[in-house]
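Shared chain: chain A. Partners: chain B in the first complex, chain C in the second.
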Partner chain A sequence: MFALYRKLIAASIRSQMQYKMNFVTSAATTGMIMVLDFIILSAILYRFNDVVGWNIYEVGMLYGISSASVSLYRLFAPEINDFEKYIVHGELDQLLIRPVSPLLLLMTRNLDLSRVGGLVQGVSVLVISLSGLAAEGKSIVGLVLFSPIAILSGGVIYFSIGLATAGVAFWTQQMKDMLTFTIYAPANASNYPIGLYPNWLKWLFFSALPIAYMNYLPMLTLLGKGGEWFYPLLTPVAAANAFYFSRMLWNVGIRHYHSTGS
Partner chain B sequence: MIEAKHIEKSFFLTKAKEGSFASLRTLFSRERREVKAVHDISFSIDRGEFVGYIGPNGAGKSTTIKMLAGILHPSHGEIRIGGYSPQRERIQVASQIGVVFGQRTQLWWDLPVRDSFEILQAMYKVDDKAYRRSMEAYQELLDLHEFLDTPVRKLSLGQRMRADLAAALLHDPPVLFLDEPTIGLDVVAKTRIRAFLKEVNQSQKKTILLTTHDMDDIEQLCNRIIVINHGKKMMDTSLADLRHQIGLPSLIRIEFRQPPEKLYELEGIERMELSENVLSIYFDKGKISSPRILAEVAGWGEPLDIQMKEPGIEEIIRLIYR
Partner chain C sequence: MVYWRIIRKSYHRNLQYRLSHVINNVASSIFGLVFIAIWTGVLSGKQVYGPYDVKTMGYYIAICQSVLWMTTFMSPGLNVQIGVRSGAVSLDMIKPVHYLWYMLSQEFGRLAYNAFYRSVPIGLLLGLAVGFFFPSNPLTYFWFILSLLLGTYVGMLLFYLAGISSFWTTEIRWVHLILLSLIFGLGGQMIPLDLMPGLIGKVAPYLPFSAMIFYPVMTLLELAPPNGMLVQAGWALVLTAVALLVTSMARRKLEIQGG
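== the complex of A and B ==
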């Protein structure tokens, strides 16, 4: 299974290298857009000093984790994000005749290497924030150890949300608008402390769109903001849960796949 | 080998909304319309049979093939491919079947043909020995070496179809589903594909189900045809029986100097078509002889030219579709 995965990934990369120019420009633009994003955020923070009691480095931790996570998702699962075309154009047909999981095939198609730019940006923000926190005299050992777990879990959470949205698209035949609500908006929201938002939105981020478990909740504990000791443990648990439920929805959805005429 | 029992597929088409939040509004829309693409179809195909699955556009051919291949789930009914259910045991069925969609390639678009074969080898767990054996056999039959290192997107349609066929057969599946494999091909390419399919069917005893609109495909390849229309099975018979059953209308085409003023009904004539001054007469040879018709028609005007034709399968199918 792993050998096949490697082979498919290699094929996907080779396919893209046929269009080198395209790859270089899109990697550069993705990186630049995300850097600009962060510059705006820091400008705001410098102006106001803190957001509901979180200083710039603390918000940077939230931002870095969220940004790296969403890039990880977009890097490995661009076809989940772009799943609409598989339903509308019946392209899922060719994945369903293979003796392997269609999910595995999807995950290896058109690997979006330009997202590496976003991943680097996210990790850079984390490094800057960690050194800033260290300079304030805080212990950062826990944060350093926890960051990879948070990024991986966050990637899985975004993937699960994307997969669930794709699952719903089996009925709606459309998912582009839905992604605005399920991925893009939450990804933006999770750059800031969730405590900022009204209750109904908070509730949403702890349940159906569980991005709070990725950075906000564990950071309450690790940054000493009154979180319980077990909050960081909930991060991978929430990711596993999200994956389990979204796969279930996806599996039901695939039974409703309609394909296209001829 | 292939078993379909009372399979049915209905689609609920929701009218897609337009404007902002279209997908959300579509999701909660109640406007639905049920379309029965396939309605209570049953058949059983034995090993080594070459079956033509035909019907007009929108008859439900592709939908049936997609259900057999495990792509779509039937709303009702049971399917077995070599004893497995394509819905519950999709993975087992997938390794038993080879699928070719004429409209769409299964190969990796931007990579050389060879790369696709190697990926498929890993995917279907074909061991190196079997892989080499298949490659040798198909290289010879399909002349793959001409374009083995060309990216798929640069192949001609004929080459692409040959590559797709070889790819579908790489794991040596006992069953082949071909959805319009000759669509858009020129005469030479068609002939070549047909020769290949015939060979595969006869020497390897592969079970083949083929949909096509090309009646030459049917005449030259299939020993049995299943005709469907509006999602229902109209006919399931051997080609020889079909000719017999329908009573194949023969055709006489007569060109007159002036269009005949009146056409007379004759026992045994199925229909007559007059366009300008050419009269086409379709008739049943069992009921009326051609000299008899000619003798009769000579009185309708002054004939300039006479052609006689035994209509092929095309004409039969037209009768069934009607």
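== the complex of A and C ==
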């Protein structure tokens, strides 16, 4: 299974690397766009110093993890995020007749390499924030060690949400509007401390759209904001859970698939 | 008048999507709620800068999210690039209406639809969260509509220019994304431009992006500086000239290529 994934993804990367210039410009543009996005956040924190007690470097930790995670998801699973077309145009039929799991085929069909720019931006924000925290005299060993775990878990969490949304699309026949609610708005919200939001949103971010486990919850502990010692351990656990349930939803959904016949 | 007919036709065509947009309106409002919550967290227990207390900032974000659906959430490139790729643009160019006004009318019909089925519902939904703002001076409504129309017009021209660049490049995906992020970064969405620090705060109010978001919102809140509408009108004129020039260049380019 894994060997097959490696083979298929290598083929996909090779085909994309035929257009090297396109990769460089698109990755650079994506990075630049995301830097503009970060400017707004820094402008707010520059003017007002902190958000409910989180200073710019602490918010930067949240932002960097979320930004890198969502980029990781968009890099490896563009076809999941874009799954609507498979249902609307009946393209899924082609995948179903092959002797490999359709999910594996979707995952290896395409890589959105421009998202590397977003990954670089997210990691850069993390590095800046970490050095800022170090300059304030905070110990950053735990943060440095935890960051890769958080980014990977975050990527899995976003992927799971995307996969679950695609799973629901088997019934609703559309997912673009749902993605606004399940991916884009949460990705935006997770740039700031989740504690800010109204209770029903907070509840959502800890359950059905579990982005709080990716950065907010572990950072409560690691930045000394009154989190319990085991909060960072919940990050990979939540990611594994989310993956398990979204796989289940996807499997149920795909059994309900009716081709559009067009 | 022919342009009026194009606008009305485009408006009616869009009416068919009403139902699916109802879901999307709720999702879009979540964005607004997130922004409002962030500002409430930022501003609570802080010294107030200018007019921006928690309440005013709530109004600002709510109106902003509503205005975006008219001035910013347009068709990428006003769909010029689609015609360029398929070759249909050659047929549009020989129509007895000017290509620029033809494309703008098409888009304006869609935006008129947005105004009724996007801006108003989202404004009402977010109003439930932050309260409703009513200007004290009735004339403000008039100025707001004027400012909103100017912002929409400037926005349409910017999107049109991005679209018509496809005559030379055929691909506008990245141009569109850059334009969009400039609008979001420097137009005043999320943060009023006079709160931006340093050089950005000084320059941004004079860029065309401010005409699309910042000034319409501030006009309704009765906080706009008196020269705000001048900035909008100035950019409307400049961009009209540029768009006319580029359109005639594109027309010549099309004739050389023969479509």
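By our rule, the second predicted complex is superposed on the first by the 252 of 262 C-alpha atoms of A that agree within 3 Å, B and C clash if a C-alpha of one lies under 4 Å from a C-alpha of the other, contacts with A are read in each partner's own complex, and residues count from 1 in each chain.
By definition in this document, a residue touches a chain if its C-beta (ideal position, glycine included) is under 8 Å from a C-beta of that chain, and two chains touch if they have at least 3 such contacts.
Computed from a predicted model, the values in this text were never measured in an experiment.
Touch criterion met: A:259 reaches chain B, while chain C stays clear of it.
Applying the stated contact rule after C-alpha superposition, one finds that A:168 touches chain B and leaves chain C untouched. Of the two partner chains placed by superposition, only chain B is touched by A:3; chain C is not. When the two complexes are overlaid on their common chain A, residue A:40 makes contact with chain C while staying clear of chain B. Using the contact criterion defined above for the overlaid structures, shared-chain residue A:178 touches chain B and also reaches chain C. In the superposed model, A:20 lies in contact with neither chain B nor chain C. On chain A, the surface patch touched by chain B in one complex and by chain C in the other comprises residues 174, 177-178. Against chain C, in their complex, chain A makes its touches with residues 25-26, 29-30, 32-33, 36-37, 39-40, 43-44, 46-48, 51-52, 174, 177-178, 180-181, 184-185, 188-189, 192-193, 195-198, 201.
Of all the residues in chain A, the ones that touch chain B in their complex are 3-4, 7-8, 11, 14-16, 18, 92-94, 96-100, 168-169, 171-178, 255-259, 261-262. Per the touch definition, chain C reaches chain A in the complex via residues 20, 23-24, 26-28, 30-31, 33-34, 37-38, 40-44, 46, 49, 174, 177-178, 181-182, 184-185, 190-191, 195-197, 200.
Across the complex, chain A is touched by residues 11, 14, 16, 20-24, 26-27, 57-58, 61-63, 66, 69-73, 90-92, 94-95, 97, 99, 101, 103-104, 106, 108-111, 115, 118-119, 122-124, 151, 179-180 of chain B.
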